[in-house]
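Notes follow once the structure below has been shown.
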Amino acid sequence: MKVRTDLALEERESFDGSGVEIHGVEVEESCDEERDVRLTRVKIVSERGAREMGKSRGTYLTLEAPGLASPDEDYHREVSEMIADLLRELTGTAESVLVAGLGNRDVTPDALGPQAVSNLMITRHLIREYGREMMGMDGCCVVSGIVPGVMAQTGMETSEILQGIIEETRPDLLIVIDALAARSTRRLGRTVQITDTGIQPGSGVGNHRGSLTKESLGIPVIAIGVPTVVEAAAIVYDAQGNCEKMPPHLNGMFVTPKNIDEMIKQLSFTLSEALNMVFSETKKA
Amino acid sequence: MKVRTDLALEERESFDGSGVEIHGVEVEESCDEERDVRLTRVKIVSERGAREMGKSRGTYLTLEAPGLASPDEDYHREVSEMIADLLRELTGTAESVLVAGLGNRDVTPDALGPQAVSNLMITRHLIREYGREMMGMDGCCVVSGIVPGVMAQTGMETSEILQGIIEETRPDLLIVIDALAARSTRRLGRTVQITDTGIQPGSGVGNHRGSLTKESLGIPVIAIGVPTVVEAAAIVYDAQGNCEKMPPHLNGMFVTPKNIDEMIKQLSFTLSEALNMVFSETKKA
Amino acid sequence: MKVRTDLALEERESFDGSGVEIHGVEVEESCDEERDVRLTRVKIVSERGAREMGKSRGTYLTLEAPGLASPDEDYHREVSEMIADLLRELTGTAESVLVAGLGNRDVTPDALGPQAVSNLMITRHLIREYGREMMGMDGCCVVSGIVPGVMAQTGMETSEILQGIIEETRPDLLIVIDALAARSTRRLGRTVQITDTGIQPGSGVGNHRGSLTKESLGIPVIAIGVPTVVEAAAIVYDAQGNCEKMPPHLNGMFVTPKNIDEMIKQLSFTLSEALNMVFSETKKA
Amino acid sequence: MKVRTDLALEERESFDGSGVEIHGVEVEESCDEERDVRLTRVKIVSERGAREMGKSRGTYLTLEAPGLASPDEDYHREVSEMIADLLRELTGTAESVLVAGLGNRDVTPDALGPQAVSNLMITRHLIREYGREMMGMDGCCVVSGIVPGVMAQTGMETSEILQGIIEETRPDLLIVIDALAARSTRRLGRTVQITDTGIQPGSGVGNHRGSLTKESLGIPVIAIGVPTVVEAAAIVYDAQGNCEKMPPHLNGMFVTPKNIDEMIKQLSFTLSEALNMVFSETKKA
């Protein structure tokens, strides 16, 4: 039995040193030493690899950037540019995109998505009313955004809400931003995962129950996540090396840093800047 | 030319004293003198009446309660009960209801709907998972809630978002809560309008553009509104008696009281209590 | 070595079963079985008791009420009344009180104090301008309130800010409301501690550094606290029974429940109601 | 009788065209045509000038920048730099500064000050603990910040709270940021006033009652303000040219634009950036 992680990177690490190579899982690492950023590409290419990893087939890009923990604005801008490049790699061309900020805006470590969407350049209504040309938005994508809330607030699955909105407004692409659970507290706020597999049931700080995938929604789904919590059970597991005596009252508890407000504020801005670079900035000749 | 009002009551008043009786508009007034509450029922029963009033056919119930301006909790509870009775009159029986809090949560006088929804008892997910009986909710309605945001935040019409969610989750009834524009500052925060006509384009503090009606959405729509602003043009009109020299830069400006934060906090609570009484409290034998 | 707790109750429990009786610490328990509420009075009456407990001399009243975890409004009102009675016991007569909501309003589990102060009936300015009689406030206390923020936001110690405000406005009594750290996750949100010893350095979710006591501030200080987090180290300690291999990166991490937003919303209301009962409600003949 | 304005610029304009020159008031204008920014320096140098202007003796610098209404980040950064230059002109050298964000964070047009302080680089606690050198902050100012709240929330005058904090923490300089009332809606969000006279009773959106000046507080006070509202009475006055038939219920009402949330978000950031440039950025050789 293992403790849950939303990071493909951590899932793969749990096989490290075991001498086991996982069939159907390709891993590629690169490093930007100047900026102290490590990029890992995990591709799960077979059903067997998916089963062993407990993650869907697809591509998982992970940036590890310890500097994200510092408030250095210039550094955050550089990371925004890297994220923008990775997004362009996964999204291909889309005329219109819906960005959904998942999570609970009233619980600080779960507010990453809602805060990121609040900083997005939203253009769908402007382009529909005035046209791209008049707005000086040639080459820009039509961007809409939604903060659906969590089930305790709405009584509805996030997947139900997004499904309905997608059917009504017909974007080419869905991007979901979500706060994730990692296994290691050392990753909190310093790792960005981007994947073309969307969101699986049980993932995220708030444990989404319905899947948000191309299969379920009919359009490509890119998920951008940053770990902001660790399940309380994970640090007990770390300490005692097993889950045998896991206290049941740790269910529904998470571990998060005390400066989580600053972390969320900076990261949400870094992510929204990356999205603005990809979708809203006019392509220069 | 007249200044906009979202209140049927004010629309009708503009005919008062003119000696004109409006065909197809029935008005009935009653008064609870002990509580200093006046109830006006305006029924627009013909197309001609609708045209002259500039409002849709249907029933408009308006409570005028000057005491709403005070922070007296007991008084607010009594008004919640009156609103609950009026809601029961209009809603009939519904097994499931979606409550939408319209408006912009970041603009205080427009935050009435979002704040009211945040105090609602949301039960859809609980009843679906555990059943009414196990939750002790026999006789309760399935309640879901959504705060769709405004077009500047989402790029989408409120009507598009709600249409999609309704098609996906199939409630029997939609209730929308919205901050309204009145003509008279004396009505701000002291008047509650409940109507079975839903929301018309151009209404609300934020000027919704798509209609939210039974015709457009396929299910009955009850709108609950409280005026929290007056168009800036209205007070100029009041002062000079005409609109001839209306300064153009007053467009997009509204008038609101300085203690609007307290007003919204109390009124949103009063409305959510009324909804909880109607939909979530177990019917006692 | 022990993991920190802000609860005198938990500190005393760590001696239980050890056969050790602590000199200078008096304990008295009572139980309201109907409401499932347990009240423990811990009095530390000697310096030796204070040293062994690691807490200041004074009285610590602790209510344990598992029902606080449920959203039952009637039950919360009953607990508010019990808290009001305990407050009256500790505060004696005060003509004027300053209530400080400590903690960080942007970090959900630390927002208890700020949210409680936002629901208080603030009367100082009204009584100063119009007099008690005209306001119908005979027998009421003059109430002022402040949310000083945390050091990362202000650059100042909470103790510096409150000291200055007290010297300028001269209240008879300071009440501080603060989110606490417990040792056991089972206490989170279900325990209320009221003490006449004020706040010690190192206490609270945000670890206040300056003391807030009668000695340092010159007026009596009552502290009301509810545990909303457990130090991450505590659950590791619980699991492995010692602190030998405590991972250093757990410093500055805390454990909190996923529904912390609802917990804070309800508890802050329960506390502010208790304070309103004690200080702002007119004494009836 | 005239309608209130917090802008010295508007006060002076009311004498324009009357052929009257005001003794003791010096006015100097300059223009940055490329950026479409106009700078007006009003110096009130005599008591007579102060009396006629209804403003204190001192220097009032006013930037008019219509582009502030647009969301262009680069433009806002340029304005931040201009504001920084003006601040340096008025503040001289200060080792330590307290920045107070006046106003009500729960009323959108009054939240300018609170939001600006939340984006400030706060350094006092860091420099006190680690020293300037270790923090790489040579040449930086010690910065502390406070959001005191408004009288309806605290029961205290802002002046009482700040007086107390200043006596306790002894900054060299107080900077207050406040949302202002203008006479003309055309100035809303497009004008920045910086003055070395501090804050006078009756100024600001929330009408501060105590003065915040060098005389009352013992240290220099710089006030930075942006008009975000117009008194409701002002637009009626504009329309009918006099105040004879001013409806009394317009008291306590203000006029503000519908997109006030975006305006406050951008302007608060522009102001905090300017302050960070002046006080927290290391002087480069």
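List of remarks:
First chain written, first letter: the chains are A, B, C and D, and each begins at residue 1.
To be clear about the criterion, a residue touches a chain if its C-beta (ideal position, glycine included) is under 8 Å from a C-beta of that chain, and two chains touch if they have at least 3 such contacts.
According to UniProt, the chain labels map to these proteins: A, B, C, D = Germination protease.
Because the structure is predicted, anything quoted here is derived from the model rather than measured.
Taking the definition of touch as given, a chain qualifies here only if it contacts chain B (Germination protease) and chain D (Germination protease) alike; none does. Fitting chain A (Germination protease) to chain B (Germination protease) on C-alpha positions gives a rotation angle of 180 degrees, to the nearest 5.
Distance between chain centres (mean CA atoms), chain C (Germination protease) to chain D (Germination protease): 37 Å. Work out the mean CA point of chain A (Germination protease) and of chain D (Germination protease), and you get 40 Å between them.
Across the assembly, chain A (Germination protease) contributes 152 as residues in contact with two or more other chains. Here, these are the chain pairs in contact: A-B, A-C, B-D, C-D.
Contacts from chain A (Germination protease) toward chain B (Germination protease) in the complex involve residues 117-118, 122-126, 142-149, 151-157, 160-161, 163-169.
Chain A (Germination protease) contributes residues 104, 106-108, 152, 185-186, 205-206, 232, 235-236, 238-240, 245, 247, 249-250, 252-262 to its touches with chain C (Germination protease) in the complex.
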